[in-house]
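The structures come next, written out as structure tokens.
Paired with chain B in one complex and with chain C in the other, chain A is shared by the two complexes that follow.
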Partner chain A sequence: MPMKLIRRLAVSIVMIFVVASLTFFLVRMMPGNPYSVLYHKLVMQGLPPLQAMDQVRGIMNAMPNQPAYIQYFEWLRQLIHGNLGTSIAETGVPVTQLIFDALPWTLVTVSLGLFISFVIGIVLGVISASYRGTWLSNLIDNVGSVAHAIPVFVTAVALLYLFNVIWHIFPSSGAYGIMETPGFNWPFITSFLYHIALPIGTYVLAGFGSWELAMKSTTVMVMNDDFMMAARIHGLPRDRQMNYLGWNSILPLFTLFMLSLGVMFGGSVFIESTYAFPGIGNLLATAVTSRDYPVMQGCFMLTTATIIMANVLADFLYASLDPRISN
Partner chain B sequence: MTFSKRSAKTLLALGSALAFSLPMTGIAAAQTSGASIAYAGGWATNGIVNPMPQANGNIVQDGIAYAPLAIYKYTGNYAYWPVLAKSWSVAANGNQVTVHLNPQAKWSNGTPVTANDVYVTFEMQFIAQNAQNWGLTGMKVLNPHTIVFYKNPKYLYSKLFLLQQILNNNNIMPAADFQQFIPKNLWSIVHAASGKTNAASTKAALAKLSKIATTIEGHNFRSPSALIYDGPWSFSRTSSAEQLYVKNPNFVFAKHITATSVLAINQTTNDVSWRALENGQIAYAGVAYSPPVFKAVMKVHQNHFIAAPQSTGMSIMFNEQKYPYNLVQVRQAIAYMINRVAARKVGEPIGSVSVKIPDGLIGADNQQWLTASERASLNRYPFDPSKAAQLLRSVGFKKTSKGWMMPNGKPFVLTLYAEDYSDWDAGLQEIASQLNSLGVKTQSDFMNTTAYYSTTDGVGTGKFPVASRWWGGWNPEPFYTYQQAFISDDHNFTVNNSGQLVPGPKPYVVDAPTSIKVPNLGVVHPQQLTIALEQNISSAIMKSDVYKLAKTYNYWLPAIPVWNQQAGRTYSTAHWIWPNFKANRALLNQFTYQTPFVVYQILGLMHPRP
Partner chain C sequence: MFPSEVGTLKAVEDVSFVVHAGESIGIVGESGSGKSTVAFALFDSVPAPGEIAQGEIHYFGQSNFLQWPESKQREVFWQKVAMVFQAAQNTLNPLLRIRQQILDIADAHDMDGTRILRTARDLCTTMYLDPDRALNAYPHELSGGMKQRVSIALALLLNPALVVLDEPTTALDVISQASVLRILNDVRKSRQLSLVFITHDVSVVSEIVDRVIVMYAGRIVETGPVRQVIQQPKHPYTRGLLGSIPPLRGDLSQTRALSGQPANLLHLPAGCPFQDRCPDRFERCTVETPVIVKDPASHREVACHLFHPETEERAQ
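Showing the complex of A and B:
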């Protein structure tokens, strides 16, 4: 087992490295560069072209004008030392600092959003499977399908419009009120919970449908398994039967759950941009807009590493949860 | 798992407490009270506190916490409102500027703003390699309240622009916070950096300057309270969505400041401002609208829209060396074929006006620079297909059942290259439709901004014989619009520091001729006249030159300005009484070039509604 784990980890690290290397060149193939993006942004803001040029020179200091392969080897050298470089758009600020500042906000919201949507999806999936063929099951399935099909940014804007513009219930942006000091204090915690209500609501609405449909599908399959028939024939109490049914149906969803952690980082781009939430998604969106290559690479690397490592973790945990797999 | 009744009660109590406490946060902080101004700003949360400019937006909002020496009125003369400076003088030859600071100017910690602060501020401009482009060679502190700026007499840079850079464009930063980054040998590095372009010593010096600049910009001051401020408000708190500034009691005009705090909301996208305006949360925003959103915002919270003069807009620009656009008659004919009023209504119905006189100047600048009789002498190019047909026939074009044919028998096909802005797309489609209906086969080629500009001056190189492009130079000083039209056709500055035209990067060419024979005016040298606008000449000569250039532009039509895009700003009178800016061009200009309420507060012209 340890050897297997070490082998998997080694393969994962190689995969992360390959994806990160591809990303290095892909981001540089995007049209535009940080210099021209900033220049045109300043001109669009009303700065005379000559003054805009002066400002770009002042802000960017120097442009990376070496060939891409030299930049790549320099990037590799830095990476080996655990250095992701410094931001171009936020001159002189280390990428690791930007990522570590943004990461906790995203981790909390993504984890909470994923957990709540998972629980809701599982419960509704079991109910829908238990009452399949009835109006209740149809209703749950249809609501789940529609919620899942609506693009996440549409859900986010719709929630904002309803809960901020129309009903004035929740704030539109940010992670906490400007008067609060981040830390372990009650005013900050309540302000934080208040501010993440809509982002988490968006994660939940966007995510619960797929869990519900997947759960219903596996539940229906498990219901027809021999052991469930045996349970029914033996006259086991209904709650005991449901217990067997639930645990056995949820197992296949476990891998999906782990992978979703990484995938949700991708979804956070739209959600965090909409709510001006200071997380990884927002950081990545800003970096893409300003063609801030080092920050883009850092964010992509984080997402890649999360997905790959979650995959490894899921494989090993799944084997522990279901010994049939390891056999 | 089961819950006991006690746990259920505990959870219920906690939930209730949370539910009651939640609405006390967030929105409450974002409300505008009588003594606080909230507005839409913009910054990137990068985890560091550093007021130096960053590409993703300055963490300290412009003009709020740091003040300039004076505020320019943008009226094309030397008129300013003093802020940290009490007075200033410019040597007759324009090579020396002396600034006397207001002795009452103080930092937020009560220490005086001194000439050394100004010195350090402009040292940082040398580090950023900006000051060199204004021809500055150095500064000298005469006493704690007086500083002299020296300009290279051989460098072509007008005193008007130099004064603007010194007084208005750069807020004064505290030496107490930034002097620590200035190396003792800075001036030797600066001098080395201005050596021969390819010399190793020059490159090494430039690299050193860049490294110092990166160190300054990347430094983390950790907290807004670690810095001191000389502006009307001190930076107090920041998050990804909001920033709070509180009144600086030591500000030089603190007695004028009626807003005890300023709350900035982060306008990451337009809809952030739309929501805030619909909710009555902000008193000022610079934001664009779609017509339905515009209606929704303007009907609530006493929101008003102002379209302030802005020297730019959309134009159809020609490469004057590419056939058939090298023929002035063809360019004029196209001008007569375009219904500019209709195109504007389609493309930019809110916050723009159609161009009345295509002479390179916006309406307000025409009023300022040209007399009534001079304006009357210019061609307005009204929509007139018969006049267009007459002009095309005069250069051998023929109209057939298939449309206009060129003298070589080929159809006259016009491809309109354009940047992919939705408003421009709509307006250009309308223009294409107008030209098609008059027999000019017109097609549009829209591309995204970065792809469009990555072609490196498509018009100048002839890659885009006809393209839609910003016109007007983005500045009320006529130099900018005419340098675009007659020198660069784009944003490449091609006049060297001795005032000579130099070729831009290959394959760039200056497509405008060096001399043009203009009816009723004679032979005009547009490039020489444009360069002269930047030199130290009298206002009377400037006006005469501007007329000649306007007349030349109006005849030669290097571009057809279609509409003038104004600075669309929204302000609310729900909590604040704003000054009568509509009757005062200098005050009105602040909507375009500054954050207006900051200027009005400094001037003591803005008061809370009782």
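Showing the complex of A and C:
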């Protein structure tokens, strides 16, 4: 087992490295670069071209003209020392600092959103499975499919419009009110909860449908398994039967859950930028518009690493949950 | 009854029988004759979307079991009436060790776990299983035959009065088949246990059942003491069923498969359901459904116009 774990981890590190390297070149193949973005912005603001060029040189401090492969080796050398470089757009700020500033916000909203949508989906899935063929089950399934089918940015904008523009219940942007100081103080926590209500609501609305449908299908399958009939004839009480049913139906969803945790760690770009929420997704979105290569690479690397690690973790946890896999 | 897209299918109709204490009966018939449905109906557990539209079950002379509340039914389940399932491979929860599932059963019936585990160990030994290995295993760690024997041991766990066995020996090789049947027979004699064997192969259980019930298209076509039925089958279907078993020695040309397909339960013909495959069919079979009639002298019952007195008169 430890040998297997070490091997899996080694493979994962190689995978992360390969993806990061590909990302290095891919982001540089995007049309435009940080300098032209800034240059065009200045020109649009009315600066004459030559003056704009000077200004760009001044702000960026340099116009790198090394070939990409030399930049790549320099990046590798820095990476080994745990250095992800500095932001181009926010001159001089280390990428790691930008990421660590953004990560907690994303972690809290994503894990809460995912957890709530998972629980709601599981409960609705079991209800729908128990009442299958009735109007209740059809209603739940249809609501689930529709919620699942609506793109997240539509859900996000709709919630924003309803709860902010029309009803003025929740704030429209940010993670906490500007008057509060982050920390363990009551005003900050309430303000934070107000601010994350809409992003989390969006995660839940966008996510619970697929959990509901998946849970329903596995539950219906397990219900028809012979051992459920046997459990009844063994005389097991209802709650013990439900325990057999629940564990056997939830198990197939476990890997999926771990993977989506990994996917969502990257932060939902759409959700975070709609609510101007200072998380990883928003950081990435801003970095893309300003072609901030180091920040983009850092965000992508974080996403890659969490997905791959979530996968490894899922495999090993699954083995301890399902005796059929453990050998 | 099973509702289906093309209409409601009556898998079993008008099947009634009595099992005495210590008696062993065999329910015989080919696939789709309704044997397993009878077994599940005995537990008020016909698989969904099937349902029991009408009928009565009286356990030990009590009121109709089918109308009892679930909490009361639960007291009968396993404690009084147990079952060995046809697909014994899949009747154990894959996520729990056998030991835990035994403890769950003990718990469900408010019994002392350690005592039940001790019984389970003894039963495992009787079933030629290593108790330590079997009890500590997850279901997937046991072979098909071992799981089958575990499920027979489980059925005897709470010392029930009646055990229903749905094809109990299909996953076993011939030698363990014989020994498992012998064990069951011994237990039956020592504990006055009643057994209901459900099988498609009369020859397997002929040694240990007292009476057979032959089913076709969800109905009983013939019943009687096993020896008599095997030696002198009356109903043409029973004759065909017995004639299709290859002999151990001698001429295979004597063996004949029953011709034709089992009756389609959605489109049963008027008259006798077996008429299409019957070698002895005559006009009356296509008009009138034969009812089961008891011959008082031999304790045999048969549902066939060939054996009804008025038919015999007419034939003369």
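The working rule: the second predicted complex is superposed on the first by the 314 of 327 C-alpha atoms of A that agree within 3 Å, B and C clash if a C-alpha of one lies under 4 Å from a C-alpha of the other, contacts with A are read in each partner's own complex, and residues count from 1 in each chain.
Methods note: a residue touches a chain if its C-beta (ideal position, glycine included) is under 8 Å from a C-beta of that chain, and two chains touch if they have at least 3 such contacts.
None of the values given here were measured: they were computed from a predicted structure.
Trainee: Is A:Tyr244 touching the first partner chain B, the second partner chain C, both, or neither of them?
Mentor: A:Tyr244: touches chain C, not chain B.
Trainee: With the two structures laid over each other on chain A, which partner does A:Val93 touch: chain B (first), chain C (second), both, or neither?
Mentor: Touch partner of A:Val93: chain B, not chain C.
Trainee: What is the contact status of A:Val157 with respect to chain B (first) and chain C (second): first, second, both, or neither?
Mentor: first
Trainee: With both structures placed on chain A, which of the two partners, chain B or chain C, ends up touching more residues of chain A?
Mentor: B
Trainee: Quick one: is A:Leu213 in contact with chain B, with chain C, with both, or with neither? Answer first, second, both or neither.
Mentor: neither
Trainee: Pick one for A:Asp225: touches chain B only (first), chain C only (second), both, or neither.
Mentor: In the superposed model, A:Asp225 contacts chain C only, not chain B.
Trainee: A:Ser172 in the overlay: touching chain B, chain C, both, or neither? Say first, second, both or neither.
Mentor: It touches chain B, and chain C stays clear.
Trainee: Report, in rising order, the residues of chain A that make contact with chain B in one complex and with chain C in the other.
Mentor: No residue of chain A touches both chain B and chain C.
Trainee: Inside the complex, what are the residues of chain C that reach chain A?
Mentor: Touching chain A: residues 40, 43, 45, 47-48, 70, 74-75, 77-79, 82-83, 85, 87, 90-95, 97, 104-105, 107-109, 138, 140, 154 of chain C.
Trainee: Okay, in this complex, where on chain B does chain A touch?
Mentor: 18, 21-30, 44-48, 52-56, 125, 128-130, 133, 169, 206-207, 209-211, 213-220, 237-244, 263, 265-266, 268-269, 271-272, 275-276, 278-279, 310, 312, 448-451, 453-454, 470, 473-475, 480, 484, 491, 493, 567, 592-593
Trainee: Under the stated contact criterion, what part of chain A meets chain C in this complex?
Mentor: 224-227, 229-238, 240, 244, 247-248, 251, 322-324
Trainee: In the complex formed with chain B, which residues of chain A make contact?
Mentor: Residue list for chain A touching chain B: 31-32, 34, 36-41, 43, 46-55, 57-62, 86-93, 97-98, 101-102, 157, 160-161, 164-165, 168-180, 186-187, 190-191, 193-195, 273-274, 276-278, 282, 286, 290, 292.
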